[in-house]
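What follows is a group of structures, each given as structure tokens.
Look at the two complexes coming up: subunit A is in both, with subunit B in one and subunit C in the other.
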Partner chain A sequence: MNKASDQQKSGAQIKEKTVQQSLLNGPPQVINLGLASFADELTKQGTVVVHVDWSPPARGDVELANLLSKLNE
Partner chain B sequence: MMTTSEKVGSNIRKANAEAIRRILEAKPVLIDVVPASEAIPALQEGMILHAGPPIDWGNMCGPMRGAVTGIAVFEGWATDLAEAEQLAESGAFSLNPNHDFGAVGPMTGMTTLSQPVLVVENRASGNHAFCTINEGLGKVMRFGGNDASVLKRLGWLRDTLGPALGVALRAGKGIELKPLVARGLTMGDEMHQRNLGCSSLLLRTLAPDLARTVDDRTALAEMLSFIGSNDQFFLNLAMALGKAIMDPVCDIDCSSVVTAMTRNGTDFGIRVSGLGDEWFTAPVEMPEGLYFPGFSADDANPDMGDSTIVETIGLGGFAMAAAPAVAGFVGAGTPSIAADFTRTMGEITLTQNPEWTIPALDYQGVPTGIDIRLVVETGITPTINTGIAHRKPGIGQVGAGVVKAPLACFELALKALATRLGVR
Partner chain C sequence: MSKIVNRVCAGLFLDSVILMQISRSITRLDGVEDAALMIGTPSNLDLLDNAKLLARASRKATGGDLILAVRARDETAAASALAKAEILLERPTVGHTGTTTLRPRTLRSAQDILPAANLALISVPGDFAAAEARKALRAGLNVMLFSDNVSLSEEVSLKREAVAAGLLVMGPDCGTAIIGGVPLAFANQIPQGAIGIIGASGTGIQEVSSLIAQAGYGVSHALGVGGRDLSDPVGGISTLAALAMLEADSATRHIVLISKPPSQSVAKRVIDTLAHSEKPCTVCFLGADAPSLPDNVSFARTLKAAAELATGRSSKNKRPEFKSVIPPVPPGRQRIHGLFCGGTLSSEAQVVFLDQGVSVASNAPIPGAEAVGSGTSHVLIDLGSDEYTRGRPHPMIDPTVRDEELTKALADPTIAVILLDVVIGFGAHPDPAGTIVQVVAAAGTERPIVVASVTGTDDDPQDRRTQVAKLVDGGIVVAPTNADAAKLALSCLVRDD
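And then the complex of A and B:
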């Protein structure tokens, strides 16, 4: 039981290490949420960016967001 | 009154489904042209219906004041503009929104006793909606014009064209309007700032009955020329069509669908189905657009008119993809980005209208059923294509542009709906 668990843990560590190496060794690939200007700046520098046009519900107005939540349920 | 938010959401969805059903199943038909006094029996001497939510004389903008004084002279309530202004200041006229009387009017939206109005019958619901006849371009009362040439044209509409159109229409079975709009969308119209296709189709439909019923050939030629030379002739009919479609949607408990958007040059107002005839208003915004030679943004009046009823039913700015030429005309950008406006309006609407489709979007239907919840959630407000009036009375149109509905109207309505439904 302990041996299998150790093997699983070891496998996860290896995978995590591989991901870290991949992130550090290759060029960054970015998903940008919200402000488009961040994506624009990275694009100008040659970075691959997928921009997601997102803003908080009701522009961040807490009262309206809560009302929306109740009216949408 | 709801007791749980879960039930509120469910009831809103059901109510909105009913609102959409009524919108899509409407059958608007142009059946007549009659004096406004006949169409709207509540109209009295001294009563002036105007565009937008309620407003008193003191808060009216320049072109609206110009139109009020002009129409008072036209109706014989004052001998000249100066006397009309004195009477208006003294409160002699009863000023009321068109929307409260089943009517709509472009820009200043003047509707009074003797003016002829187009009568549109919604044969799915049995209600009627009214709008005056489009005056053409240039110096006209809807843009605040009020000189002798403006009043003379109104007199011709009252005494000649209006009665002739009424006789011609009564000789037929009425003109179904939804198929006309469907064809107009394929001909580059969006029914607010471009009505060339539908105006031409309407003239083609009306001309035979006019020819059969008007004996005076000179008068007939003048009528055909007037309609044929006015690319925006169909606008007023599109507005009455919109009003006829949306009025039966005005009383659905719990619905968050917008039933009217309108502006009086000072305030922008909306109505919401589940909130009946209550207005939710905010200061109207300035259009951004292009100006005729000799004019600039310094001359412009804030946005006005009941014509936003066409956006309320998914046309105008919502159907920009059908009318790429309009994007350039109103200064919204290049024709190639016209589709973006329509796609964005899809973010704040509940469905598409399968009868009104846009070729450039692979025959997607126009975005239909503005939901105040979606407007508030996304912060995206309705895009409106509009004409721009000079801010001073008596001058007229100076350009065309695009304006956004103010978000505050929708936020106020959302809070009111939440209060009505017991979750606030």
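And then the complex of A and C:
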């Protein structure tokens, strides 16, 4: 097989991977958790963003928060 | 004897930027030696303890508690500082979150408001970041994980879960991304174009995308992957996923990959993947020697070279005549001292030194450079590294750390040239050049030469032209790129005029 056709086939192989393409199909629509200033900057630019009024879950128990995130489906 | 006083407020949470602003206000009060406001996660308790700010009774605090910690010269000063902190905490933090009248308290309820959401931008404290990222992935969202202090095992676990779900995790410690023309977190205003960037480095993405914009070209997307992505344990999971995304993206016609030197096996895997790409690619592994590459892949030693290869335009002919603007080196001074906000910009400067055959030391040395304290005279410091930013704001947001180091360097009679990066853009300090000029002016005329470059664009909130003009007016020599600034600093020492 020559190099050109080899590359053509391989390019197709990359495209077949299962990565979701919707992220790059337009401006992102964002849910912001944490620094409110990031949401403010995005809003100023006209990006659709919802800021979560976040506080530590599981009453601040790090281990429990991690465990709960693994249980959540 | 100093007095440590803490107050623990159960169930109170404010984001870290607001807490650091209040901490700074309190630290400036008369009689206060140090102060910090932090939630009581295990890692923050350690930070407070190491800073001699933690009272014994506060060790029982949890991540659900806010600790107000003050160390002052006496009890009166400490009590006064705590009272002031409480007043500042009660002040409404308006201006924020005016994004919607609804204020969801969980990711799930935010998704109910915005069902078309496709990205979670997560900057919660590191101890909770992996949990929130996992929730986001399971809700079908791509993740930009700005938070740091996420363990390596959690990073691998999250990235594997993302790939299995056809999603992307950018990070942890991912400071910069541009998606569909939208700058996220610390990014610059870059025109849309045909060059796609994948970066295991925030300031690396910022420098390359800004140079592309300055050359009149644009960026399709810039995807951060986190500084450890190309290490053996992570195996380049997000880099390979991002490559597949850009390969499939019709707007992207050239792919640039930026990273510190990756592990050999991961580099091979990435290069093998690039060999299968139908697009031309540029690889910049800062500090690594050029690996064997397929025909469609070029290697760039510097960020500047990466931007030039991607645009096909060399800036060689546009370089100004530096000698005409450089003052002579004051007698007896021989050292170059670099103070960088961007770790990758420090790495790029080290590459320039080593390529010119000049030994250099750094607190974040690239292959071939020495560690600080090795006796090497030229030193380039990454002020964004943990030793400078633990419990303190990053110098790109708040220049206090660099101001302190710059003041010391300006007074050092052995330093000939101080080398600086000035990083602007969204999220960065509103006027970094103005701050530098103030500090330099306070040093008087008997000082080292100061050389800088400005990473950013004329469309950024700070406006690159304005920042450059301020620096020049303040007697600072400004080079067109970070690599040029490093070269210029070296040329100051070898001039014969």
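Quick note on the criterion: the second predicted complex is superposed on the first by the 37 of 73 C-alpha atoms of A that agree within 3 Å, B and C clash if a C-alpha of one lies under 4 Å from a C-alpha of the other, contacts with A are read in each partner's own complex, and residues count from 1 in each chain.
Please note the rule applied: a residue touches a chain if its C-beta (ideal position, glycine included) is under 8 Å from a C-beta of that chain, and two chains touch if they have at least 3 such contacts.
Just so it is clear, the structure is predicted and the values come from calculations on it, not from any experiment.
Residue contacts after overlaying the shared chain place A:27 against subunit C, while subunit B stays out of touching range.
Shared-chain residue A:47: touches subunit C; no touch with subunit B.
Once chain A of one complex is fitted onto chain A of the other, the partner contacts of A:39 are limited to subunit C, with no touch recorded for subunit B.
For subunit A, the partner touching the most residues, choosing from subunit B and subunit C, is C. Judged by the touch definition given at the top, the superposed model places A:55 against both subunit B and subunit C. Judged by the touch definition given at the top, the superposed model places A:71 against subunit B, while subunit C stays out of reach.
Of the residues of subunit A, those at positions 55, 57, 59, 61, 68-70, 72-73 touch subunit B in one of the two structures and subunit C in the other. Against subunit A, the residues of subunit B that register as touching in their complex are 5-6, 8-9, 12, 256, 373, 376-379, 411, 414-415, 417-418, 421, 423-424. Taken together, the subunit A residues at the contact with subunit C in this complex read 7-8, 10-11, 13-15, 17-43, 45, 47-57, 59-62, 65-66, 68-70, 72-73.
Within the complex formed with subunit A, the residues of subunit C that make contact are 11, 13, 15-18, 39-42, 62-65, 93, 95-100, 102-107, 109-111, 113-114, 116-125, 127-128, 130-132, 134-136, 138, 141-142, 146-147, 163, 165-168, 179-185, 220-221, 241, 243-249, 251, 273, 275-278, 296, 426-427. Listed in rising order, the residues of subunit A touching subunit B in the complex are 55, 57-59, 61, 64, 67-73.
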